[in-house]
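Labels run A, B, C and D following the written order; every chain starts at residue 1.
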């Protein structure tokens, strides 16, 4: 497409110029900035950003401790029992959250619509299974070693898929990734070594025995698995936060906003798209390996397009581009059918209708995206605010993050 | 049979080795009139005797047990696999109702856990069930995948479970002492089907088509080995496939006079329908995964060339079971309803005999040796039935009717 | 406002140390800046003060789309330190030429050299790093980023942190992030958008968006800054400010290529003008000469200026 | 992709076998069957292509527009007394019944497309929503319709409907072409040629092309953009309804809540293969995809390969020609 004949990239920039100028003059700079981002979440975000660092830390600590204690407390109304073991439900929520965080890198940050993300999850699962299950003819390694291997293999697949396809734009990428997801699933059926639906039993797990001789990480024992995945999730969130507040995150957002302009501003867009794909794939593979370890059994079921779309739904529901939103979206997508087993029949209908309604009435998701893209942005923005000329910093736009440790916020 | 296909009603009832295929003399009425002259007509079975000494859930009415005693069903209740689960737990419910009605001193509770038949979702409900100390025995899980994923959880907690429908042979190779299978596995059905094809159906060249499921592959392998030189060729199809034209042209070019489809009715029915539509005049044989009223519905007229094999017992021929089930569920008993009923009966009999904790109930099942309504229940040390039977079925007047035991 | 005489050389000889024009001084004073843009953009860079040599050479550039010849054998140079205007009626091929220089289109034949190195066939981001930055006719900022973040994207073109370095927050990353804030803010102050550093760029006023684009392009530390109709949609007062800004940029040692419809602006700010019509170069010279050129007059009479903006 | 996977697999498993003799033996039957199914893909692909051309939107709900048409066929023919058996009717009664079913299916699909557009997409367009939002909405609509049908009709396919017994018409290279294949391919091609002519000749067609090229300019030139968009959805729906009849004719037991999804994905792939936004590309892509899948599965020895081959070819084509075989040009010319 021609660079010059395209539509105005900032919709209505020209048309609303006069109005905005007037408004800006009246209300002072900055204040009108994030007005469209209304709702209660905005006020929450604003209040959060207004808190001093120590208080943010204190609140975060409480949230993290509560998260760890969740299966131990087993809160009555929230619990998924008696239908489903609550600790395992927590594990499943954390797993979905992890997947959503990984996919958020691809969709939310880089704006690449990946409809075959489940393929990377499958690659991770199969890697862990084939390197630990007695049903596999491969060499065997301890389970914990398979986790980095699964990430590496999934990243490799991400690059292999990404290099040829990421030159394609938007919708083409969607169909190609969708096709890739199907191909991986079908190859799991077709390649004899991957055992098809027969699958791999007794996939490994981390070492350690309980007093009674059963493994700590038994597939019935949700709490240790949940803690493991939650820890991994927090680490991944911290690292994702690091990337977000670096040239990598800025490159991704720039690509999402206007790929041509990003390229012309010196962003090697192709390289960063492949990175987004590879990192997303790596997290997908990681969650796949953890999942394979917990279930202890891997076969070719449930790696289908519908599962991929559920992952996308989790990201979009939470708010594409917001990693905390992705955690929330992923956890909800997993939790609702586990908690309300009576409505399991309706879950896809509810998903469908909810997606439509959310897109129509709150298209930015439950927690709208606002990336903090500068590691030391707070210094500058505070200066602007302090100088008195800038008015109050915009609610979502005051990136109050100076260190990576706040990534879990 | 263990997978994601809904099996709707076909009444199944049972007898043991003493079934009287010889007394099944009535010719099928109407229906099977498609005129391919080379088709063998095998008369349908109309009644079978139940074993005289079959153990029934009611027992002797003198059982006593704590009111907390609970049996569980773990398996599909919702989702695409729901129908099979409904067939099973209604059978269980019937057994428990009959038991509780007869034994005032022993009111056994019944709890259900939903897995949707999905191995990835099964650990949650299973972990929940084994953690509830009152549950001393379980009927389930119906599908092989979920059974593989969770068998070790039962083993760790020493909780006995009898699957009414999971037929993958490898399930009993895990060294699990808590796993028992309430029917014949695929390794039994395959050779029986091969013998049925080349024997009673007089097929010279059999084309074998299998799907990509665990079940289809396992059964297909067992059958093709048993077919030997009668095998004219093999092909594979995919779950969810709708168009079989490429497979069909290969079959027609191979001049096969029979097709064995190792898979489920969802693909088997359109496959047979398109096969006949393309001018195939031979017979079509499918296993228990294909034997379903849905097959007749979906294949239409084409289904007249179809025969079935099944390690299940024609339950609709046992009037007492059929009427009781109908009263409870407001539907005909479905595939595996009677297996669920019998499995529950085995556990209930143990409870009445005072085996009221997990360890003793497990031992009870291990040493069990008695007739059930459908067959004789005695397991070997791995948890396989010692004498499973395989039945043949055909289509008559748009209904699936039994034609007697095969493969003997 | 056609005061600019063909005195390109003398003015440019002052190079980096030149006294900024008065408007610029006023503006800077108003904002309390005492820093030159070059200082902010590239504190370590030696700004070449030697002027007049060829920085960009466009040689026999031809671009065809299917059967349509958009540019036909066009040649011209951009000399170090000058402000070159590229003008022509609608459809004359200005933007095509511009896009070819920034790597959007591949030349059908001919060459474009930057400091003697061909930029034909290079990837766009490489061209940017070679020292050629541009703005867009219809603003293309990253709407969901703040003004400061937009500028830092430009600064990232000169950063060397790897993905791993960012992931693990290695020292280079921290150093670059800190300096990016300082330099980004300096650039925003330079173009007068510093007060809105924390505002999402899509919420900025139109004028601020235009200025922010210039800051973002400057952030890539270019040798040549290409401005594609930077005054589109501006009122006369804003145009005055813009002219001052462009002069300041040039005054700090940057070379500027300006595509513009507004003749007054072009005549007022450029040192030299290249005129295109129907894909061919029809004139090349100092503004006063161009103004008199009969072919240019004819070309512009053929299409009234009012239609052009 | 294939080669990398192959490397990771133990050497003993030769899981790819090229069965060339089988392909030669079955070549013509594979060709005719492939063309028959390809024609159905192509009709559905047109719906994707038209909407994409005008709105730049992958209308994921189009597969459900199609499946609603299938239910239209099912209910009409059931009502008219069709069932699993070959109907005992004379030629013209069958034709009449089928035409009636065709009309009902086309109306049902078009109505669905209309409702989807009004309820889901129009509010987004008004707000100038980003494209990802449109796409997610489309997916949401697709799920909603699919599972509404699921709750209403249950998980099983509907009873098979046999419309007529296929009779041999031609014998080409020893392979019989039957009446069913002929009806499907001819009818589909006629409809597509008609659509193509409609788009390029009629006033509405010109409007569609104008909006596809440049919505804003088209509006300035007096084209009613909203009317054009809704017309496009309706045309796509009508064609999907027609495809539904042929699909049920081919796969009598294919009427199922989830039946549209896989076919929709394939049809969309066909549209992309031919060049999305391009009417003739949809035809070409559909036929090619049908053929490739059929050849591939015979060559590689099992129909499990159909989709793998189809998607691998799609990816390869896109790598060489990123805009599909015929390029994207519903009035659009990209520089």
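Everything below uses one rule, namely that a residue touches a chain if its C-beta (ideal position, glycine included) is under 8 Å from a C-beta of that chain, and two chains touch if they have at least 3 such contacts.
Since the structure is predicted, the reported quantities are computational estimates derived from the model, not experimental observations.
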Winner on C-beta contact pairs when B-D is weighed against A-C: A-C
Inter-centroid spacing, subunit C versus subunit A (mean Cα positions, whole Å): 39
Centre distance in Å when subunit A and subunit D are each reduced to the mean of their C-alpha atoms: 33
Between subunit C and subunit B, distance of the C-alpha-averaged centres to the nearest whole Å: 77
Two or more partner chains touched - positions in subunit D: 302, 304, 307, 335
Per-residue overlap in subunit A, given as positions that touch at least 2 other chains: 186, 189, 345
Chain-to-chain touches, reported pairwise for every pair that qualifies: A-B, A-C, A-D, B-D
Subunit B-facing residues of subunit A, complex: 80-85, 87-89, 92, 186, 189, 196-199, 201-202, 214, 218-222, 291, 294-297, 299-302, 338, 341, 344-345
Complex contacts: residues of subunit A adjacent to subunit D: 1-2, 5, 7, 11-12, 107, 111, 113, 137-138, 156, 160-161, 164-165, 167-172, 174-176, 178-180, 182-183, 186-187, 189-194, 305, 309, 312-313, 316, 320, 345-346, 348-349, 351-356, 359-360, 363
Parts of subunit D lying in touch with subunit A, wherever the complex brings them together: 1, 4-5, 9-10, 13, 15, 52, 56, 58, 119-120, 123-124, 127-133, 135-137, 139-148, 150-151, 216, 261, 265, 268-269, 272, 276, 302, 304-305, 307-308, 311-312, 314-315, 318-319, 322, 334-335
Residues of subunit A that touch subunit C when the two form their complex: 3-4, 6, 8-10, 13-14, 17, 20-21, 24, 29-30, 32-34, 239, 242-243, 245-251, 253-254, 256-258, 260-269, 275, 279, 321, 369, 371, 373-377, 379-381, 383-385, 387, 389-390, 393-394, 397-399, 404
Complex interface listing, subunit B residues touching subunit A: 78-79, 111, 113-114, 116, 118-120, 123-128, 130-132, 145, 148-150, 152-153, 156-157, 168, 170, 174, 212-215, 217-218, 238
